Amino acid sequence: MSLLEVRNVSKRFGGLLAVADLDMTVEEGEIRGIIGPNGAGKTTLFNVISGTYRPTSGDVFLDGNRLTGLRPSRIAGKGGVRTFQRSAMFSDFTVLENVSIARHLHARESLFGAIVGTARGMERANEVRALEILDFIGLGEFRDELAPNLSHGHQRALGVAMALATEPRILMLDEPVAGMNPAETERMTRIIRRLRDEWNITILLVEHDMKTVMGLCEYITVLNFGKKLAEGVPAEIVSNPDVIEAYLGSEDILGDDEFAA
Amino acid sequence: MDAATLIQTLLNSVVASSIYALVAVGLALAFGVMKMANFAHGEFFMVGAYCVYVLYALVGLPFPLAVVLAIPIVALFGVVVERLIFRPTRKNILAGFMATAGLAFVLQVLAGQIWGVGIAKSIPTPYMGAANVGDATIGWQRLIVIPCAFAMLLALRYFLYRVKLGKALRACAQDPEIAALQGIRTNRMTMLAMALAGASAGLAGALMAPIHAVTPYMGHGVILIAFVVVIVGGMASIEGAILAAVILGFIHTFVTTVTDNLIATMVGVGFMALTLIVRPQGLLGRERA
Amino acid sequence: MNLLLELDNISVRYRKIEAVKGISIGVGEGEIVTLIGANGAGKSTTLRAISGLERLSGGEIRLGGKRIDGASPERIAGLGIAHVPEGRRVFPMMTVRENLEMGAYLRKDAAALRADFDDIFRRFPRLQERANQLAGTLSGGEQQMLAMGRALMSRPDVILMDEPSLGLSPIMCREIARIIRTLHTEKRTIVLVEQNARLALALAQKGFVMETGRIVLEGPAAELRENDKVQHTYLGVA
Amino acid sequence: MSVPSEPASAGLDVGIAMRRFAPLLVLAAVLAALCVLGFELKPYHREIAIVFFINVIMVTSYRLITTTGDWSFAHVVLMGAGSYGAALIAKHAGLPFGVVVPMAGITAAIVGAAFIVPLLRTAGFGFFIASFAMGELVRLIWVKVQFPFGGTRGIINIPSPEIVGLRLSPPVPYYFTCFIVMLAAVFIMWRLDRSRIGNAWKSIHSDDLLAECVGIDVARYRSLAFITGSFFAGIAGALLAYRMGAIDPRNFDLTTMIYLIIWVVVGGTATFWGPIIGLVVVTIAFEWSRPLLEWRPLMFGGVLIFFLIFLPGGLESLVPKVSNALRTPPGQQFERLRTWLTTFASRT
């Protein structure tokens, strides 16, 4: 069985059909890219899978569990977690605290426990794990820095660290390298690959930076007008005339030679 | 309920709806443009009533003139509040709102200190007598509220849908950034919205002055109703505010006739809670994508 | 050529990200200049900086030799720059006619205005059919026409167009291309931001290819059309 | 970017120890002073102190709710729910003080739980307005319903508080009763604030979508904060009911709510102690301004407006600024003042 299954999902906003009857499956251990021109419905699809939007019709399954209609917190509990396009963090907290808060699912506390302070041991184990994640992501040395003081690249890395703190089976990355310089992009790419190779986490990513997508993903789904335009390995995608047309526009968009310059 | 009571209640419902609509429309309009509401909106109503008290009962101007003069006076209050409170707190919506709660205090004390607290001001009824509709009778003073409110709402509608400036105001409420790209000065529009909010609330207060007890604290009940109306109608929707005003005006008047005023208010608030659960964006509010 | 609009080494910063990193573009009078590149390259940000929606962190913008950077969007609109925003952004709860009126908000010449309404409706017959319909109920292509019409109503010296083909069907794209071509024959000055590179390069005289906030290629549109590097920039193949 | 570790010196240790223990020392000194004051204060001032203790519970519990980003306008009504609950239970069931106070808290928590159901559908601004309307609804029920709430006249002859035969009603014992209850309530809320639950609340305020996506059930935690805050408001209400012996709906009206907001805004809500600082300052100012009589609401309304416009972070936001200013040399201070003045001038 596939890890993630998207079945006939549609999402409509007023008159606009942002995602139209889409099917997609992602196997365990895959690094899957979702690409497409602006307005193709990538982010909407992403939001539907992660529970941010409820689909107009269709269903999403994670490891056989139906996710449709669940809130993101419940989906996180089932092993699906997303990151954000923007730098999202809890700005009043340090880097370590951010990751520690994100370990919520694994460090629940009762009201009584919070008052009496019964959870010391659990918190210590929790902090060890949080530090492990930070070291892996390369933010270990910034553990006591306030999150908004980090550079842009480090803030994005913190977003990934917080997602990892939920111990996901599938990690959904929304433009993980947006706004990064080449060195930061390179580092993030390495981290993503190691997450799959060493931590065995399935990766689903939406990204505009084509170099990153082509270099990182084994399999790519291309969306256009909310529909699946193509699916395949990077080499196939790059040479697929439909994809080229979607990105660069059609050769014959101007019709006859009326407009030839 | 016999026929006479029924007719009387219906007429009273229309009166109540008209006043609710006048008060709520300004709140909704200002909210649409500023995304902020004015907690002292009820005090605008109070100031409108005091305008009539001063100009008509004390100075002795004719009642219609006093009512007409109340409109620009309270509109000016709206402009001042926009400049002094809402503009400096624009970045923090709750701060602006809470500051106007402080303003409500200020206006109440000022009214109380200038014209005295304690007993309500007695304003001689300008239009004595009552109209007979079937077996029902209703005072002219109440009846006159209906055409006045209609005139104001129609004038507002004309302004918003026929006059360029009014259209610019609507454009600003729908998409301020794009409105700015057309050369519309958004700061001017927020001032205008607050002026209109003041004008309509002031008119409502002025019209109610001879009927309602005029006290510094009369705005309190009004703001509660106005908030309930705009929440039910859908925060920024003017049409929603009018629709909700009609619904709540009828509910309030009928429940008051059958039981009493307090229970009617409770039913209104209950209706709001229900709306929030069933349709959080309000009756005519747009769902955010 | 006489440069009407000049971007001189401009940078724009969003919090911690430099979205535009020191780019220079010159737009001649009556010229169509296009900015192309993948999503997130900084094209839209550049347009927003021109119309005053974003503040510059460096550089200068000049219109007809006079600096306009730092002015408010309202003022820049008054100076003769019209912006057709990304995603159309018509006023959804206003009629088509009212949307056009808003485009002409700063104009006082009633007689000429009436002529311009006729002109817009002649250009976009579909808008005339739907003149009293709420703009929010129009199709994507119709909204795009309305956004263009709204910009034309201000009689601008420069029109900025942000992704006019976005999300439109091929037929509609062709329609939009035809309109832009007509505008060119009328000697209008246009800055066109497009993802649809082939369309844009067929329309424009000059092209700039952007990648992560920088201009990586520039030249006459006809040359860029033949350049394989354009496709590489888009699809990320080295 | 790691800081090179300095060799530990004795002087440094003392400095660290001072920094760590100074707040504790201050706290201990304040507590000791309050104990002494319990005996030494003049009756009138003791009354003010008792009301102050009750209000400390109010501002602290109010802040607890605001940590999620929800600003309620119903908190005083929830306090009233505690007062009415306590009055009715003490009067009709004849239960002792020690049982009535927690039951009053539970009463308020139940009313709070009923409020939060529709309120969860709103956020920010709508939350404020809707909570105001719902609070008024409950207050109108008290005004309207004769049995058991007594209508406008409220409930009179509330039995005096007693614990295992000990009469708590004389001023000095009641002072210490309120003092102890306040300490317990504040301690519990302080623990919550610093716990994982408290961090979850603050994370919702910071970015609710992110909080939801990392597995925090936002609706559940917002409810939890609101209900917990209501519980403590109810405790404060019970103390108030016992203190006054009679309560009526006017004790819980809009004016009181706006004063609560003034306390909190003047102090600031970013830190746990901010609202208490605000309460102290405003209480003192309120007593000093007694000669102003009816002009006082105007003055405090003005204070509220002033703080929201010019010092939105409250008094607590001055603490880092002041300590920073003390550390910088005078030349730089002048420069900073100048830039502050120019930015200020450009803003208005």
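Letters A, B, C and D mark the chains in the order given here, with residues in each chain numbered from 1 onward.
Basically, a contact is a pair of C-beta atoms (placed from the backbone, for glycine too) under 8 Å apart; a residue touches a chain by one contact, two chains touch by 3 or more.
Predicted model only: the values in this text are computed from it and were never measured.
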Set of chains adjacent to subunit B and to subunit D: none
Maximum centroid distance from subunit C, chain identifier (CA atoms): D
Whole-Å gap separating subunit A and subunit B, where each centre is the average of the chain's CA atoms: 48
Subunit A and subunit D: spacing of chain centres that average the CA atoms, whole Å: 41
Cα-centroid distance, subunit A relative to subunit C, in whole angstrom: 32
Chain centre separation in whole Å, for subunit D relative to subunit C (CA means): 53
Shared-contact residues (touching 2 or more other chains) in subunit A: 14
Residues of subunit B touching at least two other chains: none
Subunit D, residues touching no fewer than two other chains: none
Graph class of chain-chain contacts, one of line, ring, star, complete, other: ring
Contacting chain pairs - touch in the sense defined above: A-C, A-D, B-C, B-D
Subunit B residues touching subunit C - in the complex, by the definition given at the top: 164, 167-168, 170-171, 174-175, 177-186
Residues of subunit B touching subunit D in the complex: 35-37, 85, 88-89, 92-99, 101-106, 108-110, 112-113, 117, 220, 224, 227-228, 230-231, 235, 260, 262-263, 265-266, 269-270, 272-274, 276-277, 280
Residues of subunit A that touch subunit C when the two form their complex: 14-16, 37-39, 87, 151-152, 155, 175, 178-179, 208-215, 225, 238, 243-244, 247-251, 253-255, 259-261
Footprint of subunit B on subunit C - complex, ascending: 51, 53, 72-74, 77-78, 82-83, 85, 89, 91-94, 98, 101-103, 105-106, 150, 154
Of subunit D, residues touching subunit B in the complex: 71, 117-119, 121-122, 124-126, 128-130, 132-134, 136-137, 140-141, 143-144, 254-255, 258, 261-262, 265, 294-295, 297-298, 300-305, 308-309, 312, 347-348
